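Each of the two complexes below includes subunit A, the first together with subunit B, the second together with subunit C.
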Partner chain A sequence: MIDIRVVDCHKSYGQVRILRDISLDIERGEFIVLLGPSGCGKSTLLHIIAGLEPLTSGSIEIGGRDVTDLEPKDRDIAMVFQSYALYPTMSVRANMEFGLRMRGRPLAEIRAVVEEKAKMLGIDHLLDRRPSQLSGGQRQRVAIGRAVVREPRVFLFDEPLSNLDAKLRGSMRTEIKKLHRRLGTTVIYVTHDQLEAMTLATRLVVMKAGVMQQVGTPDEVYHRPLNRFTADFLGSPGMNFLDAVLRLAEGRVWAEVGRTVIPLDRYAFIERPVDGRPVVLGLRPDSIRPADGAEAAFTLDLKATLIEHTGSENHVVFDLDGREVTGKFPAEFGLEVGRTLPVAFDLARLSLFDTETELRI
Partner chain B sequence: MPGTFEPLIPRPRRRIFLRRTERFAARFAVYLCLVIVTGFFLAPLWVLLVTSFKPLDEIRAGGLLDLPIAFTLDPWIKAWGEACIGITCGGLKGYFGNSLMVTVPAVLASVTIGAINGYALSKWPFPGARFVFAAVVAGNFIPYQVILAPLAQTLRITGLFGSIEGLVLIHAIYGIPITTMLFRNFFLSVPDDLIKAARIDGAGFFWILFRVVLPMSPSVIVVAAIIQFTGIWNDYLFAVSFANSQNAPMTVALNNLVNSNFGVREYNVHMAATFIAAIPTLVIYVFLGRFFLRGMAAGAVKG
Partner chain C sequence: MRLRIRRFISQLVLSPSLALVAVFLYGFIGWTVAVSTTASKASPRFDRFVGLEQYVRLFDTPRWNVAFSNMFLFGFLFLVVTIGFGLLIAVLIDQRIRFEGVFRSIVMYPMAMSFVVTGVVWQWLLSPTLGIQSLVAGWGFTGFHIDWLTNPSTVIWALVVAAFWQGCGLAMALFLAGLRGIDEDIWKAAAVDGIPAWRVYLHIVVPMLAPVFLTVIVLQSLAIVRAFDLVVALTNGGPGVSSDLPSVFMFDMAFRRANLGLSAASAVVMLGTVLAILVPYLYVESRERR
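On to the complex of A and B.
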């Protein structure tokens, strides 16, 4: 069942076009993450869905209802802000009660719901405090609590974890995921943090300059990026991009990278390969590993030129005919700069892009 | 300086001692200055007070700054209830009431409307909001002399000329530019996310103003109220131009009392009357002054 439908949504401020041609169907219970660099329009899209900003053209449906011209309060949504946006002069309890009071629910019911949700979020001991007396993590929890008490059809999260320190961000991320699993409510979540996006999303929407680049499960987007931007934006260290030329020989397709020739038997071409076509070959560092000899993988002897230790793994830069290629090696793999060793390439996970359009081919 | 650093050698004890006395001397100089300035500004008030408790012959004997020898409350009683103003001899008490009836509603109206305007201009931007704000700011710079004649005309047409209601209307309207500006500038510092959160929670324009925004803004409310109260209470020009004699506020009555040309000049009564006229503004400053300073400081930083 489709819960939210965004149809041909455009947004401009004067001459500046913020969003172009956004169309998106969201199923009930999905966790949609809008991901992109700052200024890509992801927050604007969220605000439009919330009804806080008008569209230039297009329409929004929530729960089968056209809500394009409805006020935020009539859209059956709740939102959590990056700045928490707690009412500073009210207690935590009053903050959580505010939305229900505005809707004129009976006081006894409000009290009960707030108590219950506060207990669920582990903030019931904070109910009589002011927001200024809370830590960042507690404030975020209250902000989520304020959204949860209303039991809305959709939760909107606008970079909710960006103001927290790294450790707290990790644990709050897990909690949001658990919360989504427990409540089963549809979520739209905006972030520029790819780790949050990959771990939380059931589907990911990658955006750039107001245009949707790709919609898919985190796995799809990570392993089958539809264009070079998406490929580059996800993953750390970033994907290796190598200029190559397609070759058709002996009934097989090859990619020629300098003097090295890589077989593309396992690549699912979208377009029919043409001999001599210049392409960009993309390989994730995760697909470049030490060869263990047993597998029938594609192997090259390469020289290590730089090693970065991250603790859990090493990022090793190799020289491939004068081009740099980064691979992820286990930390316990003994290696020093300058050594040449056999390196295995997982060619099932490779991507090819057009040099001009940068689209997957 | 990059690349160089001072070696960490402890300074001799003596230096520290010297620095301490220097600092003490500086502090002393500052306080001395403050005491002198305070004395300078308080001196008229002192003269006012001591004179108001002296009988007339003691005043004629001189000794402007001296305490009263034969302490008397008569001048106060006379100023409040018996002094002749114009042709009636009922003291200031009626005019004090007039002033309150002009000032209180006008302050409430101009502060309330200013808050709503400032909130709309800063948090609910509409096309042309900048122009409207610029026009409101320009309203602060209109000299009152320019508008006296048109105002008189307007009041005559509406039938409010000479009445207290007319003065309330004028003061309320001419307070709006400054209060709008104060509130608008203060509300700029209220995060937009709060407004958005409240909208999603289901609160409308006025609910958000009264439940979320105004509770965050006691200092600016006090600043606006003080500015308006003192301005309207102390106004003479509008009062003398538009109020008839029985609706005149304190300022006009005080002037009539002090400048009357009959009989002896009762300085003690004049002083008492002046002090009575100043009491409400003094009280307001004493009780709300702390908020006033805080509000002014906040405005100064956020501008």
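On to the complex of A and C.
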């Protein structure tokens, strides 16, 4: 069942176009993450869905109802903000109750709902405190609590974890995921943090300059990026990009990178390969590993020129005919700079892009 | 060594102004307190110590009591009107209206005028033969009267209106700055929660402006205690002494009635009033800092 439908949404401020041609169908219970660099329009899209900003053209449906011209309060949504946006002069309890009171629900019922949700979020002992007396993580919980008590059809999260420190961010991420699993409510979540996006999303929307680049499961987007931007934006360290030329010989397809020739038998071409076509070959560092002697793997002897230790693994930069490629090696793998060793390439996970359009071919 | 020289130089540079403040501010405060315990007449004389007698006499003087209670009445009315309208205008301007700058300037301009000019302007406006009354009468409404300046029981309103005209801009500017400082997300959260705008102002935004209220009250209160030129220009304390304020009383006693002792006592009482306003404010401020 489609829960939210965004149809041909455009947004401009004067001459500046913020969003172009956004269309998106969201199923009930999905966890959609809008991901992109700052200024890509992801927050604007969220605000438009919330009704906090008007559309230039297009329409929004929530729960089968056209809500394009409805006020935020009539859209059956709740929102969590980056700055938490708690009402600072009210207690936590009043913050959570206020929205329900405005809807004229009986007080006894409100009290019960607030107590229950506060217990669920582990903030029931904070109900009588002011927001200024809470830590960042607690504030964020209260902000989520204020959204949860309304029992809306859709939750909107606008970079909710950006103001937290790294460790807290990790644990809050897990909690948001658990919360989603428990409530089963549709969620739209805006972030520029790819780790949050990859771990939380059931579907990912990658955006750039107001245009949707790719929509898909985190796995799809990570392993089959539809263009070079998406490929580059996800993953750390970033994808290796190598200029190559396609070669057709003996009924097989090859990619020529300098003097090295890489077989492309396992690549699923979208377009028919043409001999001599210049392409960009993309390989994730995860696909470049130490050769373990397995027959099937494609291996090259490469010289290590730089090693970065991250603790759990090492990022090793190799020299491939004068080009740099980075691979991820286990931390316990003994290695020193300047040594040449056999390196295995997982060619099933490779991507090819057009040099001009930067689209996957 | 270098550090010591630097510190020495900074102390050297600061010391003249510190000395000036010490002598001309605190020195003269002390001097005034001293004079208030003497029976000085036209000139200060320290050979006749009378203790607190001048203070007892001060509060036995009907004119002082009128002036002193006028200060509280005027202050209360002025604060209520200024804060009420200042906040209202700030909220209206905060609605992202067009020509915001024009409206802001209109409200702020009177602030640029001295109280003497304000007093004279309002004296003309309230004068039956020159001002609003004759204008309205000219339209044919001959029954219309404003006798604020000549009626002892309403003359205080003339002061309130003139002071409000001048002081409203400051209150408005402070409130507007406070309103603009409120996180946009609060408004968005309230919109999603379905809270009507007037309730957001009443329950969320105005409570958030508490520090601004405090600042406005303190600034305006100090202006009230010091108010002198406005009264002199607008009513000169009249009719009779009905619009007297303590500062006018003090000036009169010192320079016209040759009663320096009583004047000093009234000055000390005024200082006490200022401190009664300032000390709690500074206390609250310093506690919030921590």
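Here are a few things to note about the model shown:
One rule holds for everything that comes next: the second predicted complex is superposed on the first by the 360 of 361 C-alpha atoms of A that agree within 3 Å, B and C clash if a C-alpha of one lies under 4 Å from a C-alpha of the other, contacts with A are read in each partner's own complex, and residues count from 1 in each chain.
Everything that follows uses one rule, which is that a residue touches a chain if its C-beta (ideal position, glycine included) is under 8 Å from a C-beta of that chain, and two chains touch if they have at least 3 such contacts.
Every value quoted in this text rests on a predicted model; they were computed, and no experiment measured them.
When both complexes are superposed on subunit A, subunit B and subunit C occupy overlapping space and clash. In the superposition on chain A, A:77 makes contact with both subunit B and subunit C. Once chain A of one complex is fitted onto chain A of the other, the partner contacts of A:50 extend to both subunit B and subunit C.
In the superposed pair of complexes, A:178 makes contact with neither subunit B nor subunit C.
By the touch criterion stated above, A:119 is placed in contact with neither subunit B nor subunit C.
None of the stretches 7-15, 25-33 or 43-51 of subunit C clash with subunit B in the superposition except 25-33.
Shared interface residues of subunit A, touching subunit B in one complex and subunit C in the other, are 47, 50, 52, 71-73, 77-79, 81-83, 85-90, 98-99, 102-103, 146, 150. Within the complex, the subunit C residues that touch subunit A are 183, 185-186, 188-196, 199, 203-204, 207-208, 210. Every residue of subunit A that touches subunit B in the complex is listed here, in rising order: 47, 50, 52, 71-73, 77-79, 81-83, 85-90, 98-99, 102-103, 146, 150.
Residues 47, 50-52, 71-74, 77-79, 81-90, 98-99, 102-103, 146, 150 of subunit A touch subunit C in their complex.
Subunit B makes touch with subunit A in their complex at residues 191, 193-194, 196-203, 207, 211-212, 215-216.
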